[in-house]
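This is the structure, below, for whatever I ask next.
Note that the chains are named A, B, C and D in the order they appear, and that numbering of residues resets to 1 at the start of each chain.
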């Protein structure tokens, strides 16, 4: 009998179970690092669409999802992918063509919104953004906000400081909590119960996971419970927050996973080149996403040579002297 | 007098920005040329400055130049790897925030040092879409001194921003304070032609320095709006030592300088 | 020449420099764990008084400071010391005798107040405390609050949720930030620049340190910078927040320091017994605090046997099968 | 029928509390008897329950019984060692908070399950001072189900609290919701004499169960206020198996049971 604490399932089943058309979804990682790419490619293969996507700074995962027309609404601080695409190409195009509705925040605001969701408070305050159009220019209409109870009735609000000018601030900006239906993160190690250990920067993954109704974890290594218990200080997310665990080595590829592999800058450049042209982009998707049945086949297509070339040096956590462009 | 060295626009920009960084400053850095300016400062004039990234890494070793602020290269040998929320709190908190100097870039800047990194055209029907604020709006809200790196072009120095992403002096005078912001925002603009600062009273940009071979008039010709050029003086050109350190120590492979 | 990045100084000089009568101070740790005891004993020996003390749950350090009449004002959630004193004895007595002014909050509220201070916002929201007297009964007068700019004009406040009932809350309690003049924490490892690595639970030490104008770190081990750089994920406080570093082995004694030593329950019991009686308590202080010139002499008085008895087992981090009472 | 085992008041209290814990519950625990009840539940009826502490440790191994919630014994072999703020957020957050059951103690309780852990007498001139709220007020605000452990004495079951530290049903009816709280607070009181619960409508305490050898009348005699005893039934006494596990597995050294 499967223990109730065992949450391991195949990635395809996890996406099937938790990611539905129209879902409010958030994905972990930052631009070209630790994006849950295997899960994202599976969402695309399953043609799940109409997603409401929440990210702070994202790049690779964001542009694949938008390029696949999976996203209809987007709340975001930054859409860029490092040197390969200072502004994400399909993202920019979708905004210009009005294929997605967008609501712009700052990076701190988006992080605070996930944090508010994780804390269980309706909002958090910041002193960021006064005077900027982030406060005054809204992407989502009031009507749209009213029709979805998962959205706050306002993009954000300004409150007087109830303590006068205590703390050197007469007023604060408050940003509404985000509690996604589903968050997907990719981590270095997880156990079958779902406890996660992230190596290197955690970005806002911890807050995103704790804010979410359901959480899919994909992991490089599925380890024994004991392996994670030796040092609980290195485990950022205890199992109670996690819905299911999928063991997907190279599940962050082509983004970097600290201590395991680097980003594949040739893949990111190939993607960026394809993204500039609709026909080329369709060919790219047909070959690399729809042309394979799962992440394993995708990695076979990429080939062992490229995976070896990005292998992380155990000391520094990245591929030392890797050819980058 | 500095000897007559030859240098590229990118080299002089980097060195001018590096000179803005004081010893002990906490330097909020992006990648590319801002990263290089931070590294140059550390190697030339501010050995105790500390580089940090919005992603949460503090004082990383940076044996290789990172290509993004989430590059794994910034996670190695840091003093601490924290969270996004921690990095911004470091700047919002006055105890540490007042020691931060930030380096930003933008698609457009106006006379008050407000920045646009969001879009060209109307927000609802833009002609060009950029990456968005990222941490820019936060940094410009929190940090007392920001260096803006810009190419000096008319389409970038505009009378009116298409979108105000990151607050500078807003519309001058006390408008920044009135809006609810502490003093801060862009305090110096470093371009390929010269260095601009902002008048304490009016909040308006003025020309502080122009580079060798550049005239104040040429600078005005490359801006949509007029700025005061009366206080402008020639910039001290990069010294031999500055250039040597920049080239040989900071970017020997010329990953960014080329 | 001493490098500017070297912040190491003797504990007595650090207390002299940063802890002044009337200072607003916070101390790290929780009840009987990782209290900065060496620093606290030094404050007492220096007869620094009139302190305004901020703690969440504290025990050993709190009761020593109050017993020494060092504290005149206290903001606190919990004054207890585990089995030895479910309510701190000198603390309770000082409240009854009105020797200290007290303002009661909950543990989460105090933690949020430090967090607000660390974040640089004037307040943070919570859904805790509605209907409780923590909201309605104030210990500090309005006049006192008005006379000290370091205090908010109100103990706390209730705000309407500007987003309606979004997040399932029509209103929130907001608690004002704390930015102490000085925070003292005791950690397992620090380097000369002040970067800290805490093993085991961090309680609210990170927030307390980041909220504070000055921070004294006492550490079990003063390590080389390199020793802390191998794994930045284990360093919770980077050096930029730290004013000075004092190398004080057993600096948390008689409280526990995870991975190094356990609490000394016989000392805590001896303290609790003495605390019940003014005469006995004076004798205790004369012997253990004023009768020694520094923490080294204090430890000599305690004796190697007792220090050996509480030595932590390297696997579990505590003294396995230690006699406790 | 359960066999007639002999047991101490502390043993029956522990077992009655353990029975309140469902499999999969996240158990917010203090030390002492609450810790023992949580351990008993895990070993008897709720193998997949998870014990956690306000200090931030989740699912610690607890090879030795901790003497405080900051005892180093809770830091070993946990799933994660987090911060104080994380522990409370776990309860304030509805996604995880609704799965939490908490065990609390108090100096005074009233008919609505409000608790006092602050002082006896006037707050400004108290006769007795206790430790204060700690996490009590937070837990009672956030968590849908709380078990209160109490000694059944008149001075503890009082008509009016000297200080309301942790909110129960406040003054009954909708007053908890009206005050701004979600449903929750003390839902069951386990004493040395019986088990009390709260009426859904009125929010008032009623007698649910009385222990073998105890009458409802005796329970009323040990309270300052009157409660409904009409629904009261005899409690099923601890079973042989429950007692055996409690004694042999949970506290073989009788650190808490004695």
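In this text, contacts are C-beta pairs under 8 Å (C-beta built on N, C-alpha and C of every residue); 3 or more make two chains touch, one makes a residue touch a chain.
Worth saying up front: this structure is predicted, and the values here are computed from it rather than measured.
Peer 1: How many angstrom lie between the centres of subunit A and subunit B, each centre taken as the mean Cα position?
Peer 2: 28
Peer 1: Quick one: report the Å distance separating subunit B from subunit D, using the average Cα coordinate of each chain.
Peer 2: 57
Peer 1: Take the average of all CA coordinates in subunit A, do the same for subunit C, and state the distance between these two points in whole angstrom.
Peer 2: Going by mean C-alpha positions, subunit A sits 38 Å from subunit C.
Peer 1: Taking each residue of subunit C in turn, which ones touch at least two of the other chains?
Peer 2: Residues 120-121, 126-127, 168-169, 172, 179, 200, 233 of subunit C touch two or more partner chains.
Peer 1: At least two other chains touched by the same residue of subunit D: list those residues.
Peer 2: Correct list: 57, 75, 77, 81-82, 85, 92, 94, 142.
Peer 1: Quick check of your reading of the touch definition: is the inter-chain graph here a line, ring, star, complete or other?
Peer 2: Contact map by chain: other.
Peer 1: What are all the touching pairs of chains?
Peer 2: Here the touching pairs of chains are A-B, A-C, A-D, B-C, C-D.
Peer 1: For the complex, which residues does subunit B have touching subunit C?
Peer 2: For subunit B paired with subunit C, touching residues are 23-24, 26, 48, 50, 57-59, 61, 75, 77-82, 85, 89-97, 99, 142.
Peer 1: Show which residues of subunit B lie in contact with subunit A when the two form their complex.
Peer 2: It comes out as residues 31-32, 54-57, 63-64, 67-77, 81-85, 88, 92, 94, 118-119, 123-138, 141-142, 163-167, 170, 175-176, 179-182.
Peer 1: Enumerate the contact residues on subunit A facing subunit D in the complex.
Peer 2: Residues in contact with subunit D: 4-5, 117-121, 179, 193, 195, 210-213, 228-230, 232-233, 235-241.
Peer 1: Along subunit C, where are the residues that touch subunit D in the complex?
Peer 2: So the residues of subunit C in touch with subunit D come to 29-34, 56-57, 59, 76-83, 86-88, 91-92, 95-96, 98, 104-109, 111-112, 115, 126-134, 137, 139, 158, 168-173, 200-204, 206-207, 256, 258, 262-263, 265, 312, 316-318, 320-321, 324.
Peer 1: In the complex of these two chains, what residues of subunit A are touching subunit C?
Peer 2: Going through subunit A, the ones touching subunit C are 116, 120-127, 152-154, 157, 159, 161-164, 166-169, 172, 174, 176-177, 179, 199-200, 233-234.
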